[in-house]
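What follows is one structure encoded as structure tokens, with my remarks underneath.
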Amino acid sequence: MNLLVYLAGEIHSNWREEIQEKAKALQLDIQFVSPMTDHHRSDHIGEEILGKQPNAITKDEAASQINNLRTTILMKKADLVIALFGEKYKQWNTAMDASTAIALQKPLILIRPESLHHPLKELSNKADVTVETVNQAIKILSYIYE
Amino acid sequence: MNLLVYLAGEIHSNWREEIQEKAKALQLDIQFVSPMTDHHRSDHIGEEILGKQPNAITKDEAASQINNLRTTILMKKADLVIALFGEKYKQWNTAMDASTAIALQKPLILIRPESLHHPLKELSNKADVTVETVNQAIKILSYIYE
Amino acid sequence: MNLLVYLAGEIHSNWREEIQEKAKALQLDIQFVSPMTDHHRSDHIGEEILGKQPNAITKDEAASQINNLRTTILMKKADLVIALFGEKYKQWNTAMDASTAIALQKPLILIRPESLHHPLKELSNKADVTVETVNQAIKILSYIYE
Amino acid sequence: MNLLVYLAGEIHSNWREEIQEKAKALQLDIQFVSPMTDHHRSDHIGEEILGKQPNAITKDEAASQINNLRTTILMKKADLVIALFGEKYKQWNTAMDASTAIALQKPLILIRPESLHHPLKELSNKADVTVETVNQAIKILSYIYE
Amino acid sequence: MNLLVYLAGEIHSNWREEIQEKAKALQLDIQFVSPMTDHHRSDHIGEEILGKQPNAITKDEAASQINNLRTTILMKKADLVIALFGEKYKQWNTAMDASTAIALQKPLILIRPESLHHPLKELSNKADVTVETVNQAIKILSYIYE
Amino acid sequence: MNLLVYLAGEIHSNWREEIQEKAKALQLDIQFVSPMTDHHRSDHIGEEILGKQPNAITKDEAASQINNLRTTILMKKADLVIALFGEKYKQWNTAMDASTAIALQKPLILIRPESLHHPLKELSNKADVTVETVNQAIKILSYIYE
Amino acid sequence: MNLLVYLAGEIHSNWREEIQEKAKALQLDIQFVSPMTDHHRSDHIGEEILGKQPNAITKDEAASQINNLRTTILMKKADLVIALFGEKYKQWNTAMDASTAIALQKPLILIRPESLHHPLKELSNKADVTVETVNQAIKILSYIYE
Amino acid sequence: MNLLVYLAGEIHSNWREEIQEKAKALQLDIQFVSPMTDHHRSDHIGEEILGKQPNAITKDEAASQINNLRTTILMKKADLVIALFGEKYKQWNTAMDASTAIALQKPLILIRPESLHHPLKELSNKADVTVETVNQAIKILSYIYE
């Protein structure tokens, strides 16, 4: 049984590579997709494709519509979403992707440091499972295939 | 035509009262609902109803399940969602409510200060309309009834 | 039994008033809603609420997001959609509203002059009923209540 | 990851071939489908299959039901819809296909010349992305696969 | 609690009046709707509204699109469907209404004479309840309100 | 704001009366519905309406189809489901009603004695909130209206 | 592009074989499925699997639940439904399958002799296309692949 | 045609192996999935992955969220669900899985000993087919492929 897993969140660490390598080592039949993880590229894709925009807000609007199209196509195909919150930043796209998964009834694993348990308590309650480390998420993936 | 409008977000200012008073002054046939806006009460509702919990995380889990039940019932009945982001805090519940509205195909008005345009660009692109002030949101409510 | 009927299309004639008066004369328990029919107002609502925009395209974007929000709320509440095409103009909003009604499984009556039967043939085939005059649409409304 | 892309609109230029060749050159794993692009054939398919019809309207009705059946099957399978409006014609089938995609929550890229920005403003606002050239659409397809 | 009940089927006996009178006598808070039960009127409504048609088939097409529009609006509002098959006729509209109710997940009571148990066995198995008399259906309506 | 609450489960105690009285005392605008709580009547409703059945299994089949019709109509109208498990019996109808509520995305409050926490752990995890007493459920109802 | 086509209706002629052979000759990438077409087997499958039943009605109930399970699984997987009505019999299962396809938004081709146009007028109006011969249906299948 | 069948229920006998072997012997193109059938492992998976929990209830909560995630992913992919009730235990997970299948409109075969016909009567009435032995379920699987 093949699963498509969408990896939302944190783009400043290599957690996606870690999950993919471990899933491969465990021979789990999983394909992974992600939002654009190159921050600079995701910020400039609008002007790159649509040309120079009149101001910073319309530049953002141009970029975001292309990023959202990409994300929507990928998430609609996913069987499972894993969203990782880090210690820093507002991470509203992570919250948006996680909440979209919940509302679309896509199973969701939330990874967040214990320190964030209070501000994420409502989102965590809506997630199917909340864990603290990438390793714990890997163990769950493995358990699905037992 | 009666509308039920769910007011998500910011609980440290009186913007909900402002919207309700102005809607009343304009004689718009609108009923407003909200998440629990008493921060202390929303944090302690779990232990208040379910009793003392073993630690801070399970206390949060207890509170959040009751807050989410309340929110879900109200949002399912809403015709329109208005979500206001302020300058401070991570506001992940606001992002969660806004994203849930989008995924449930509930029309969404996003209110955010211009300063937040960059971190909120993807969410803003998914919202039906993004404005910067409560007054602008009121004008849209009024336009619906013209 | 009360019905809410959304009247899409043509804004340069008084067909909406005609339908409403005749429905009233026939004592049909129907409430009617419409997209913004004041052309000038619908074109300028964006700048009126969101302020001066940098160019004509962003001015249009500002107006259209507010018009679409208004339309979405009204169409979601409708039990029936009536869309009238006139002889002139591209009328893409009429085509959009009619197609949206079909995809949302809202019953649809299409009113179009016989002269347009060829370019509207696919849309006409998807509509529940196609007629040529407002009077014929009124007779159908009356038949629903027999 | 394989995608099925439905190409709606304009049948008097070779933009579909252009997209397909460039997608192939970029080695994107995409399969393309379209409405019937042979205008004469799409107009006469009704009488060809169902036999001579009594008049021009019923001839159109015969053709359109077969064209719509074909289109419905293809669009239901699509992961993404690209709709191209040209400078000429009423193009109501393009508007219908684009609006159907939106209502079915299929991601939609709209291609239209800048000159049409005003009459298409509401449809453009509902599309996920609006561009002006086929090349820009290709770049978006490529970005999805990065 | 108010219920809207759609009464499909048999138009050559007065079973609808019987149900309505008994429901009234039992003071059940039920509103009843039906397809057009005047056979002659339902056959001629197409030409009455759309004018003389070229042949018998297009006359039927004209009538049926108006009858279907009427039926669709009513059934979408119904909380419960009761479909009565009589001994005679093919009654394909009854089968169509009953099957539509099932596919739309509207609860369905089937009334049919015992003699029809074999040809209706699959439809009966899909119905929520199958009874043989109008009186039995009334008893079920009454039981819902206990 | 009026809510319709479906009270599933336990029919050998007066917990439904308790909830209704307390909700009334608190002036909560709630209407309550339930499955048939007269055990003898729910077991015999099949033969009462459909007549003597050939054996115990077909007698049960006759009763259950009428009970299920009744339950389906009521649950589809509910805004919230409360399911109470007692210490005794297999209570498979309670499990069925609770699971149906979850799958239909109806918010669910589960009431169960602490002693049942282990066999009900998966159902409890899927419920929105799990409590141990009727009083706790009342407090949640009250919190929704704050 | 592979399609799964469900062939409903008429079991006393070899029209299914005809369609399958012609589709093969035309090299259309189509897989066909059907309800049980062995009449005797479909009538007795209940007792064959569940054992002797107390009477004719319960024997029918036993058979129909297994036939319906089989049909439901197959129709849910279908991309297109073709339903053929013959001159004889009540054919309520054909009407049920065709109506189910419509309500599930599965594209539907109806094949019926011209002589049945009047009693099938409402069902025909709801079908995507109505034809009179198997050959016409084949031509439509071929047109989908052009 | 490949089917994915989810086998819910009873974990203390080898009925899953029996079904899989017989399906293989009959060369049915079926893939089977199940909830975790190792009772000890399913009870401890929470602490194994999430670490030591403060008490028995939170230990159960930890395990159940992971078991539910696993089950949800598998059931969403299934074409058919088979649920087996044994003579012993409360088997609320079996009731939950069976009811979820019904509410998600997944076809359901219920296997239960005749002795349980009374307490399972409502669930049995909602199932597509109820049988008493694994062999009968196998015969139905085989009939689907005829």
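Here the chain labels run A, B, C, D, E, F, G and H in written order, and each chain numbers its own residues starting at 1.
The rule is simple: a contact is a pair of C-beta atoms (placed from the backbone, for glycine too) under 8 Å apart; a residue touches a chain by one contact, two chains touch by 3 or more.
Here the structure is a predicted model, which means the values were calculated and not measured.
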Practice problem: Quick one: how many steps at least from subunit D to subunit G, stepping chain to touching chain? | Solution: 1
Quiz item: Same or different for subunit A and subunit H, where same means more than half of the interface numbers show up on both copies?
Solution: different
Quiz item: What pair in E-F, D-E or B-H shares over half of its contact pairs, by residue number, with D-G?
Solution: E-F
Quiz item: So what's the Cα centroid distance for subunit A and subunit G, whole Å?
Solution: 44
Self-check item: Inter-centroid spacing, subunit D versus subunit C (mean Cα positions, whole Å)
Solution: 23
Practice problem: Just give me the whole-number Å value for how far the CA centre of subunit A lies from that of subunit C. | Solution: 40
Exercise. List, in ascending order, every residue of subunit G touching at least 2 other chains.
Key: 65, 68
Exercise. Could you run through all the chain pairs that touch each other?
Key: A-B, A-C, A-D, A-H, B-C, B-F, B-H, C-D, C-E, D-E, D-G, E-F, E-G, F-G, F-H, G-H
Quiz prompt | Touching residues on subunit G, where the partner in the complex is subunit E | solution = 56-57, 60-61, 63-65, 67-68, 71, 89-93, 95-96, 98-100, 102-104, 114, 117-126
Quiz item: Taking the complex as given, what residues does subunit A use to touch subunit H?
Solution: 1, 3, 79-80, 107, 109, 128-129, 131, 136, 139-140, 143-144, 146
Quiz item: Across the complex, what residues on subunit D touch subunit G?
Solution: 4, 31, 33, 36, 41, 45, 48-50, 65-66, 68-70, 72-74, 76-77
Quiz item: In the complex formed with subunit A, which residues of subunit C make contact?
Solution: 54-55, 58
